[in-house]
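The two complexes that follow have chain A in common; it is paired with chain B in the first and with chain C in the second.
The block that comes next holds the complex of A and B.
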């Protein structure tokens, strides 16, 4: 992937596929460390599947027997000296609090760090595709925080859907301005 | 700073247009957004469709949605256009520029751009 934000989009798609109704994307920058985590309350993974998810020959897709999403993220993290961790609780064992947390840690100050890229576009794309999900986005840097919770927007929008084109444009512009503030 | 009041204004505007939304989804544009599609550049293609459909005033008629892997990863970004009573059109190796053209010529003008379809690769 050319941008880390594309990995984030890809990983969050797994959460959508897992039937989550709340998905949190949390980015934290402190010193040389860039941490991203995608947390969902989807169906989760069973332990034996969890053990194989970093293997490209493990996938949930049905059109092909290869899944590159997690292995690509793992590679992107490890090539900076960072790491990837996935914690998951499957709904069969945890009917009340199932879900998955995928966390990748990167060392920003290496030539092999993939730039974050257009994360705003990633957030807008996710909301466009799954407006029924509660999306919580937060990006903390030493200069401040950019955050968005679609539940707050829904409270104002009522029955106008989040994927209405004008609403999506507003969300994009809102995030752009929020990023300007912490530039 | 962008204000939430603007969002409330969008809501007011949309609610007054409810009637116009009838018949939504006459044409369905489906963008492949699995790992293969994303890596090949599906995100700007999707966003171009959303933006251009809105700009062209086609939001009432055209629905832009996302799907997983369609199974022809080597041709990603792949976009399928479904229209009632017509054959499915599969556009391959899409870009944001091509998406803009598809909105203009195909979705608005009703002419399939054959050179971007899978039968022409």
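The block that comes next holds the complex of A and C.
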């Protein structure tokens, strides 16, 4: 994909489909490394399925025989000399602490590094689409951190839903300002 | 024109031709796989320098008639085997993408 933010959207949508009620999107930049991880408490994947997710010919989609989200993210990471790892605990074996962690590591100083792109739109789109989920977003760089936790917003908003258009606009503006501060 | 005929006329070499009699219609060039997925048309010749297993899946999804690996790019054997099993034709061209496309255009 042209932007990593689209990969984040894709991976997070998998977490939504897995029935997660908390999804953490954590971006960490240190030195040459850009790390993105999406952590959820969804139903998780069984070991034999987990082994096939990086295979472009396997998917949970029934409309076609290939699923490209994870294979393309893996390729994007490996093109920079990085890697992709997925750890998952299926609810059948871990009824109390199931879920999936997808982590991609990139060397951000190689020419083949895919730019992050518009991650603010990704976060706003995810909240808009699934306002019932607790979204935790954090982007740490050597200059500081941008973070958002929708549970903290809910505590302030009271009865106003997270997908209220004014709230979504506010979230977008808040993130933009926070990014300005760590520029 | 079929993929097999194109291969001979353009001086490409066959990497795997499980469906050599597929008809060709037009051509698409691209290396960003997600981009190609949404833009290559059915029966196109798809020219790329990528050689990862994902090209087989993208070729299959976009239903192109064949993939032409430009610049003499080679495939790992397991990628070639997967292409064969999935019915994806793959050719190889020693030329860069632009010259490869020219050869396709002149012969198609």
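In this section, the second predicted complex is superposed on the first by the 183 of 183 C-alpha atoms of A that agree within 3 Å, B and C clash if a C-alpha of one lies under 4 Å from a C-alpha of the other, contacts with A are read in each partner's own complex, and residues count from 1 in each chain.
As a convention for this text, a contact is a pair of C-beta atoms (placed from the backbone, for glycine too) under 8 Å apart; a residue touches a chain by one contact, two chains touch by 3 or more.
This one's a predicted model, so the numbers in the text were calculated from it and none came from an experiment.
Undergrad: Applying the touch criterion given at the start, work out whether A:72 contacts chain B, chain C, both or neither, answering first, second, both or neither.
TA: both
Undergrad: Tell me which partner A:1 touches in the superposition: chain B (first), chain C (second), both or neither.
TA: Both partners.
Undergrad: Is A:56 touching the first partner chain B, the second partner chain C, both, or neither of them?
TA: A:56 contacts chain C only, not chain B.
Undergrad: Hey, is it chain B or chain C that touches more of chain A?
TA: B
Undergrad: After superposition on the shared chain, which partner residues are touched by A:81: those of chain B (first), chain C (second), both, or neither?
TA: Neither chain B nor chain C is touched by A:81.
Undergrad: Once chain A of both complexes is superposed, is A:9 in touch with chain B (first), chain C (second), both, or neither?
TA: So A:9 only meets chain B here.
Undergrad: Check the residue A:131 against both partner chains and state whether it touches chain B (first), chain C (second), both, or neither.
TA: Once the two structures are laid over each other on A, A:131 reaches no partner at all.
Undergrad: Once the complexes are superposed, what residues of chain A are shared between the chain B interface and the chain C interface?
TA: Shared contact residues on chain A: 1, 6, 64, 68, 72.
Undergrad: Chain C touches which residues of chain A in the complex?
TA: 1-2, 6, 55-57, 64-66, 68, 71-72, 75
Undergrad: Considering the complex alone, what residue numbers of chain A touch chain B?
TA: Touching chain B: residues 1, 6, 9-10, 13, 17, 61, 63-64, 67-69, 72, 118, 121-122, 124-125, 128-129, 152-153, 156-160, 164-170, 173-174, 177-178, 181 of chain A.
Undergrad: If we count contacts the way the header does, which residues on chain B are in touch with chain A in the complex?
TA: Its residues touching chain A are 1-2, 4, 6-8, 10-11, 13-15, 33-36, 38-39, 43-44, 46-47, 50-51, 53-54, 59, 64-66, 68-71, 73.
Undergrad: Applying the document's contact rule, which stretches of chain C touch chain A when the two form their complex?
TA: 32-35, 37, 52-54, 56-58, 60-61, 82, 86
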